[in-house]
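I've put the structures underneath this note.
Both of the next two complexes hold chain A, though its partner changes from chain B to chain C.
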Partner chain A sequence: MTALHRLVVALVAAFILAPIVVVVAVSLTDSPIPEFPPRGLTLRWYAHALSEDVFTTSALNSLWLATAATALATPLALAAAYGLVRGRFRGRDAIQTLLLAPLVVPSLVIGLAILLAFSGMGVRDVGARLVGAHVLITFPYMVRTILASLARLDPAVEEAARTLGASALRCFVLVTLPLVRPGVVAGMLFAFIVSFDNVSLSLFLTNARTNTLPIAILNYVEYNFDPSVAAISTMLVAFSLGAALLVERLVGLRRVVGG
Partner chain B sequence: MATVELRDLAKSFGTAAAVDRVSLHVPSGAFVTLLGPSGCGKTTTLRAIAGLVEPDSGAILLGGEDVTRAPIHRRDIGMVFQSHALFPHMTVAANVGFGLRMRGIGGADRDARVREALALVRLEAFGDRFPAQLSGGQQQRVALARALVIRPRVLLLDEPFGALDRKLREAMQQELRELTRRLGATAIFVTHDQEEAMILSDSVAVMNAGRIEQVDDPAGVFERPRTRFVADFMGMGNVLAVEAGATGSMRHGGIELRADADAAAPPRHVAIRAERVALRPATGAPPEPNAAEGTLLDAVYHGSLTTGRVRLDAAPSTTMLAREASATQDAAGWRVGARVRLSWTASAVRMLED
Partner chain C sequence: MRRGTALLLLAPAVLLIAALLGAPLAWLVRFSVHEGQVGVAPAGALTLAHYAKALGDGFYLEVFARTLGMALVITLVSAVVSYPLAHFMWQAPRRWRAALTILALSPLLVSIVVSSYGWMVILGDQGVVNRALLATGLASRPVKLMYTDLAIVVGLVHIVMPFMTLSILAALERIDPLLGEAAATLGAPRWRILWHVTLPLALPGIAAGTTIVFSLAISSYVTPAVLGPSGSNFITTLIWQQFTQLMNWSFGSALAALLLALSLAVVFGYVRLLTAAGVFGGPGRGAA
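Right, the complex of A and B next:
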């Protein structure tokens, strides 16, 4: 690596990381308003954030929602990806494009569409609405990562299992699934983070009593302006980073992202 | 092991016929090769036997039992793929034991049979390794052990040595030949390599455009091709268009050819293997059957053999090939541009069907 090369990499990294650094720094400030550079050093905003009911209940909601959405989207995405890779039928490319559409369509549009659809169908329960919507937006991420894993799997490996006496189901469980596990685990992680961080869909579907964490943060900053928002944001970043590191340890993020 | 019988097997992909009414009988314990260029239907035929491709019509019988519509996993076949297709997440022993596990065979019985199968391919010490830790040849031997350990009714091999280098391929061919002979295994082998087909097989089925053109023992397809395609594919060297001549002879341009067999109908083509054409200095003697004079265009040395290309005086648009051992005095003395005389025996002239 040349010196110039290294400089460019450092600048890009700084550009990407700067906002996070600022948020982390602000969360530690000892002043009653967000200030950068921070004045003094304290953890009291963390304590404050964790003592606020709006944050803790909504955080639990978000955890529950992300878990449910991921759990439901996983088998659906596995089935869809498997069909797309191994199946031979008309309109396969069109379906593949359609499945990835939620990545392209602005999520505000999707949120509005889902709100209208659920109202039309008479789905009133906020939890059901949120889970349904989050399955929809996490699904394409999972399909993508699983597709990438499946595409690297030699079909002859599955055929060998079948000729050796494995039924289609046993072949899938004993051979296919273990071999695409990195893609599935990565897809689940992406799905979890996408759901956990989502604002634009949840905005349409939550109400005053049932909230997700990102919406709670958004509401909080409308009326309050103290560094506890920075504290809760820092915890969010740490949480996502921890999850990514976990995947890196379990399956290797490089393999997942397609190195 | 069992017999394999194909009856009028047919399979199309879209409008293209991949397999076109193929019938074949493989006796128990025989080693049969499906030989042909890519796209000739040999792999589709093999995959149909395995159940990986569903035929449009026709029947497949294993040991007399109709398995045409039987699911893949109930056919009791052992298959070896070109890409070896080992399970990368399982050890060598688990790979070999997979088929036994699927059959509910466990414990000491399974371990003993896995050890026995690994011993067959001389990999006893490798049971705890993973496939990625083995060389290409070792991986293919594991695949072979995995297919054999279930004592299949038939062993199917789809160009299993295609990815190996020449030396290793020859060693594996030798090993496979010995192994199948020793076990009395019925085997169907797919390849596009005619040399490989001849080394391994009791009988060779040459395929073209979805059909079997000829089934014969290796010497049969090599020396006595029945059709133009087989003659060409088996590298006869000389395939000449002929017209009926006087009293049972045939003519190619100004050259008279005689065969020692009678054809039902006058053939339109004959084949003469290049190795059976003698190339000598021209004598200027008057024309006679099964001989022609011409000019040596070039001599291509390919190791143990040298091939001469000759333009014939009596058929100037034709070049004939003559091939001799490079070590002989004659081939060593071939001079490009020289006047030469080609001659061959009547037994070398093969009359072909179209």
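Right, the complex of A and C next:
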């Protein structure tokens, strides 16, 4: 590794971290406008952010939404991944492509299509369309993670359980599930972050009354420039990175993201 | 496992995709081939006029061309920026792995509103860059960086980098380490090993990354809308304008269907092309 390569990598790392570092630094500044480097140190923007109804209400909405989306996507993804790995039938690859399809369709197109279709059916409830869209977008990540965990599982373990007389269901619950649990938990965590941080879908599906936290932040920035946005953003970053660290520990992030 | 059991396990998931992706997309396409709408439903005669307008009018073609051009720049820049990082991750000691993975993936793990806000603070008229330029005397008044194409490129390269880096890293990890050692033993300098051994073998990864990044870039909405110039300068912002400001759902749907066709064509067409050209050493890599 040459010195030049190290320098280039350091610059790339600086580019990657720049917006995040700036947001964290600005959240601590003791001036009414976002200043970098921060002038003085204070936590008052955190207090301010937590006293803003727009942030707390929308954060609760996001929490509910991410929980609901994850809870609905998990059993579907678990069943589908198990069927894909253990089933032998024609069209397996096509079904796998179909299940990962929400990742290749542009978010804008998914958002608009769901918006049009739900209003066409007379469903105007923001919660319903948000949960629907978020299940759709978190589901492929869960399938991918669980598939990766199942693929590393030796089928002989299951065969042994079956030979010894365990029913298919018993074998799945007592043998397979405990072995793939890290993968399932990692997939759930990642799905939770994907939903909690989502902007590109929620933007089209929320309205003035019902918001998610990222959308509330986006709206707030349009009219206010005070550092309380940086404070709430820093909390969001801490939350996401914390969950990401757990995923990395459990199965490795790369298995979830793909590539 | 019996075939029936497997299909039964897959049925709920397939239904989910059909109900929440297939049916809504079909409804969108239905909108696009109708004259107009009554209330929230497509109405009027069947027509392809909206597609004809989107593909025949110079204004819309220009927006498409602009979006493709920007996506091309973003793809190229992200490949150039991501390669050194992927190469570094490949050669770094094992114990750095977790930290480097988190670093490389952090743009993906942090909500796009957070990074957008960060870029606003960095690129704004009173932002970090402009203050540095003024302080060092490199500029006498603030340079407009926010709400420009440059800001879109910066913001989008940042967001798509994880996909490019991981794709390249995956290709590098398939390289037999003995190849480089052999070249070094035979006296090849480092740059020749990079140019003649490593880079050609990393090509499938760069190609896969290019596919993903290009399709993400042409269909991105948030970054162009938040960091870019006002007005509709991307296909996506143009589509959104059709829906919210002009209330022309049918034409907006036609544009959205074209965007979908374009991005699917990029993902599947490009991969097929590259597979045929032998870039992906064998079958089974797919769209990564």
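The criterion applied here is as follows: the second predicted complex is superposed on the first by the 231 of 259 C-alpha atoms of A that agree within 3 Å, B and C clash if a C-alpha of one lies under 4 Å from a C-alpha of the other, contacts with A are read in each partner's own complex, and residues count from 1 in each chain.
The criterion applied here is as follows: a contact is a pair of C-beta atoms (placed from the backbone, for glycine too) under 8 Å apart; a residue touches a chain by one contact, two chains touch by 3 or more.
Since we're looking at a predicted model, the values are computed, not measured.
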Should the pairing of chain B and chain C on chain A count as a clash or a fit in the superposition?
fit
Once aligned on A, the angle formed at the Cα centre of chain A by those of chain B and chain C, in degrees rounded to the nearest 10, is 90
Tell me which of chain B and chain C touches more residues of chain A.
C
Tell me which partner A:Ser167 touches in the superposition: chain B (first), chain C (second), both or neither.
first
Classify the contacts of A:Asp154 with the two partner chains as first (chain B alone), second (chain C alone), both, or neither.
first
So, does A:Val237 touch the first partner chain B, the second partner chain C, both, or neither?
second
Looking at the overlay, does A:Val12 come into contact with chain B only (first), chain C only (second), both, or neither?
second
Given the touch rule stated above, what does A:Leu179 touch, chain B (first), chain C (second), both, or neither?
first
Looking at A:Gly40, would you say it contacts chain B, chain C, both, or neither? Reply first, second, both or neither.
neither
Chain B versus chain C - smallest C-alpha distance in the overlay, whole Å
8
Which residues of chain B touch chain A in the complex?
50-52, 71-79, 81-83, 85-89, 98-99, 102-103, 143, 146-147, 150, 156
Interface with chain B, chain A side, in the complex: residues 154, 156-157, 159-167, 170, 175, 178-179
Counting only contacts in the complex, chain A reaches chain C at residues 1-2, 5-6, 8-9, 12-13, 15-23, 26, 33-34, 36, 76-77, 79-80, 82-84, 86-89, 95, 98-99, 101-102, 104-110, 112-114, 116-120, 132-133, 135-136, 139, 143, 168, 193, 196-200, 203-204, 214-215, 217-218, 221, 229-230, 233, 236-237, 240-241, 244-245, 248-249, 252-254, 257-259
Taking the complex as given, what residues does chain C use to touch chain A?
1, 3, 5-10, 12-14, 16-17, 20-21, 23-25, 27-28, 31, 40-41, 81-82, 84-85, 87-88, 91, 98, 101-122, 126-128, 158, 161-163, 166-167, 169-170, 190, 208-209, 212, 215, 218-222, 226, 236, 239-240, 243, 249, 252-253, 256-257, 259-260, 263-264, 267, 287-288
